[in-house]
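In the two assemblies presented below, subunit A is common to both, partnered first by subunit B and then by subunit C.
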Partner chain A sequence: MNALLAIVWTEVRRSKLLAFACTWMIITVLMAAFPFAIAPYSPNKIFPGNAGTPPSLQFPFGTDHIGRDVLSQIIWGFSTSLLIALGALLVELLIALPVGLLSGYFGGRVDQLLMRITDAILAMPTIVLLIVAVTLLRVESLVSIILVMGLINWTWLAKTIRAESLRVREEDYAVAAKSMGFGDLYVIVRHILPNIVSTIIVISTFDMAWFILYEATISFIGLGNPTIPSWGRLLYIGRGFLGTQPWISVFPGVFICLTVLSFNVLGDSLSDFLTVKR
Partner chain B sequence: MLATSRGSREVREVLMHRFGLDQPLYVQYFLWLYNTFTGNLGISVNGLPVVDVIAPRIWYTIELMLVSQILSATLAVALGALAGYKHDSTLDRALSFLALIGYSIPNFWLGLVLILVFAVALGWFPVGGFSMGIELAKISGLSSVLLHLEYLALPTAVLVIEFTPYYFRLLRSSMIEVARSDYIVTARSKGLTERTIIYKHALRNALIPLVTAVGTSLGLIFGGSYVVEVVFAWPGLGSLLVIAALSRDYWVVMGVSLITATMVIASSITIDIAYAYLNPKIRFGGAGL
Partner chain C sequence: MERGIATPTAETLLEVRNLKVYYDLSGRIVKAVDGVSLDIRKGEVVGLIGESGCGKSTLGRAILKLLPPYAKTVSGDILFESESLIEKDENEMRKVRGGRISMIFQNPTSSLNPALTVGEQISEVIRLHQQLHRKSDVRAKVVDIVRKVGIWDAQDRLHNYPYEFSVGMRQRVMIAMAVSANPKLVIADEPTSSLDVSVQARILDLLHKLREELRFSVLLITHNIGLAADMCDRIAIMYAGKLVECGGRHEILTKPRHRYTFALLKAVPLLHKETDALYIVKGNPPDLTDPPSGCRFHPRCDYAKGICRNSEPTLTEVERDHLVACFDPVE
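Moving on, here comes the complex of A and B:
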């Protein structure tokens, strides 16, 4: 553990960008974990007579069109975003891991079938599929948006895992393990999986950024749940008051940019460090 | 929606029958599939055939996408070749940093900011809403082109800022690999100018991974332009999809999805052909792929 921390510390000291990304991640994750302690107000509390006030000491990022504090909504909104992104990542891993590993390891008919399904999903832009799914299924709750995002976005990860397992399967140690009579499951879990973990970590980091963006896009378009505070919801509200109350949409946008940037910087650094070829 | 709570049962039944909603789901699906092959995509909730709703919008989507992708690719090739060739120079670091930022800005938010600055505050460009309230048929020639450009400027800028970094990063990393190869060393020892080496020898080989990448990220390209269309009320398929989704106009949603998938597959085939042109190994090899 200490050795790991020492490595992280050296890397962070070498790159200012990575240092910034890590700092920003720590701040925002704390924000997301304890919104009730950090946010000045409740996200849906309306301050009568304060609708659309510009940034001030009382409301650092101003209030929205009906008088809710923008900063509090940003802080609570990230809780939602992070929860959705982590949940969707979990769903994605639960599908992509078995599909990718089975396809890559067994090849043949299993591979053909699984990869044709993957290709069919890949032929549609993710965001279009998301819009269609959210419309047709009338997705409202957090759980269903998590499921929909995970169910739609797993294809790329599955393809990468497949390609990696194909490579590892042919390595001497994997062939040796097979020839010694170990079962397929044993070889997959003991030899294939540990060798592709770094790829999975890197792609997951980038996918976190994508999930945050997708959630924001869906809410921004107006297909999100209007009762749950989220970054996309703020942008959706702010879009209608762009000329008169720009702070409603500008501040959450800056937060989205910095968070997505941090995830991308982290992904880049991890990929350099773990020498993952993308 | 057409028959709200006030609508009588008869109206409801007539509407259910008209949209085929009284049939079981699988019958609805196969009926849709059958009709699709005859060029009938169903009826939109506003009474028009879906084909007539979609058809006039396809061109706008293609126009926005072509203009922005050609601009981004050109810009990325010029800058990426330079940055990759002069790997680790100040120029490379600066461009890579800019690319990382451009890469991380959500396109719809960037659209809002550009509207705020260039349309609302400065008034240089229209806020959006091309062709709404403009009778395009009446204007022609140069003024029509100028009008297109005026409305294209901001959405194109957003897409260029979104996609240039993406292509730039790909081209830069493949250029770094190419710059190390033997034939570049040979070219330099022959005394060729740096410019000839970069743009004649290295670039052509570095372009191949870029073309592959464009092929695999078509979903990203279409998705990106669709969202930007919504922000600028650009009269293409993306804004239609969202309007239809918000008004639960299922047949239009299905129609737009079908056309999108068709366009993605058609572009993917075109790119495969371009790939063969760039890489003679595929053209003559026969094997491979």
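Moving on, here comes the complex of A and C:
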């Protein structure tokens, strides 16, 4: 663990971009974890008479068209976004891991069957599928959004895990393990998984960025839950006031950009230093 | 049916009978092992020698049923302690692998899992085959076996990852894993080919020592005649999927009867003999999708006659325990 921290520290000092990404991640994750302590106001509190105030000392990022503090909404909104992204990632992993590992390791008919199903889902345009699913389900709860995003997005991860398993399966140590009498399950769990876990972590990081964007997209087109603060909801509100009250959408926009960028930078760096040494 | 190296006796440990293993590469059939019979007695080291691609590794893997899915064991049988391995299912084979027959691979840099420590990998093999429940018992056994293969600072090295070991040390670890459950037979597939010469010698010494202590038999698969001359009691020469000659080490090395064996031995450079050019066996090994008719060596043989092209020689005993498949053996 100490060794890992040492590596991270060296990497962070080498790259300014990574240093920024890490700092930004720490700040936003803290925001998401303790919004009640950090946010100046409750996200849905309306300040009568302060509708559409530009940024000021009292409201650092201004207020929206009905007088709610934008900064508080951004802070609480990220709580929602992160929760949704993590939930969707969990759903995605629960599907992609077994599908990818079984497909890649056993090959043959199992592979054929699983990959054709994957291809079928992959063939559908994600965002359209997402909109249709959210509309059809009509449940504006977070759980349905989490499930829908996870169920739609697992295909690429499954394909990658399959390709990696296929590679590791042919490695000498996997064959050697079989020659020592180990069963398939053992080989998958102890030999395949540890050697592809870095790839899974890297892709998960990129997928977190996607989930945040997807959630924002759904809320932006008005399919989100209007009572739960989220970054997409702020963009949705701000859309109508872009000319007169740009702060409503510009600040959350900047937050989305920087957060997605940070996830991607982090994913890139992780892929560099998580590679297993030979 | 062709006869094996010798008539099976009570001491026979492994008996391969007329084994045929073919690869199906999307319609192209590669006859990698085409009717090989071979037996290994208890406590004996048998060398299986041949050029790359002659099917010797395929034979080794076929014994443990570790062939890729596109390989098919077409016919023949493999008897190990009088039990047919061919008839065993995957579950039964798992008990044989590592427990009664184990394998040492060519490349120690890639045969150890880079993501697990060496200690973890050895202890998992030990836990698989031995009824040790206490953690301390497993650890004691791990340290014991690692010392046995000559890693003296065992205790300090177990938490290291494979990349922290030298290639020779990694091969020692592989050997430790292979012999940890006291197998009866160790299949060593080019165990020293990727090591440098001085390390090779030490690994061979180790195998020798362990064999005397644990009394297992060895099937040594190699292309290196010098290595086989050092270690083996008997030697089998394989060419293009078939055995062409087998017999005691002394007979094979000093009185080779098959033209191919003769040419192979002539091609070994000797330190004390000054030569202008190395002798090489002319031509290339045949394509196993379409092997030559008759004796498979005839296109490369200086003594080929009509009969060599038209009919296939069978292994016949020319002396006690010395079999040759040649119509015109060396006198």
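Convention: the second predicted complex is superposed on the first by the 272 of 278 C-alpha atoms of A that agree within 3 Å, B and C clash if a C-alpha of one lies under 4 Å from a C-alpha of the other, contacts with A are read in each partner's own complex, and residues count from 1 in each chain.
One rule holds in what follows: a residue touches a chain if its C-beta (ideal position, glycine included) is under 8 Å from a C-beta of that chain, and two chains touch if they have at least 3 such contacts.
No experiment lies behind these values; they were computed from the predicted model shown.
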item: Fit-or-clash call for subunit B and subunit C when the two complexes are aligned on subunit A; value: fit
item: Which superposed partner A:264 touches (first subunit B, second subunit C, both, neither); value: first
item: Subunit A residues touched by each partner, larger count belonging to subunit B or subunit C; value: B
item: Subunit B versus subunit C as contact partner of A:136, first or second or both or neither; value: first
item: Which of subunit B and subunit C A:173 touches, first, second, both or neither; value: second
item: Touched partner set for A:128, first subunit B, second subunit C, both or neither; value: first
item: Contacts of A:242 with subunit B and subunit C, given as first, second, both or neither; value: first
item: First, second, both or neither for A:60, with subunit B first and subunit C second; value: neither
item: First, second, both or neither for A:221, with subunit B first and subunit C second; value: first
item: First, second, both or neither for A:213, with subunit B first and subunit C second; value: first
item: After superposition on chain A, the shortest CA separation from subunit B to subunit C (Å); value: 10
item: Residues on subunit A lying within both footprints (that of subunit B and that of subunit C); value: none
item: Parts of subunit B lying in touch with subunit A, wherever the complex brings them together; value: 97, 100-101, 103-106, 108-109, 112-113, 115-116, 120, 218-224, 226-227, 230-231, 241-242, 245-246, 248, 250, 253, 256-257, 260-261, 264-265, 268
item: Subunit A partner contacts - residues on subunit C that touch it in the complex; value: 64, 66, 69, 94-99, 102-103, 105, 107, 109-116, 124-125, 128-129, 161-163, 174, 177-178
item: Subunit A - residues contacting subunit B, complex; value: 17, 122-129, 131-132, 134-136, 209, 213, 216-217, 220-223, 235, 238-239, 242-243, 246, 249-250, 253, 256-257, 260-261, 264-265, 268
item: Contacting residues of subunit A [partner subunit C, same complex]; value: 107-108, 171-173, 175-183, 190-191, 194-195, 197, 276-278
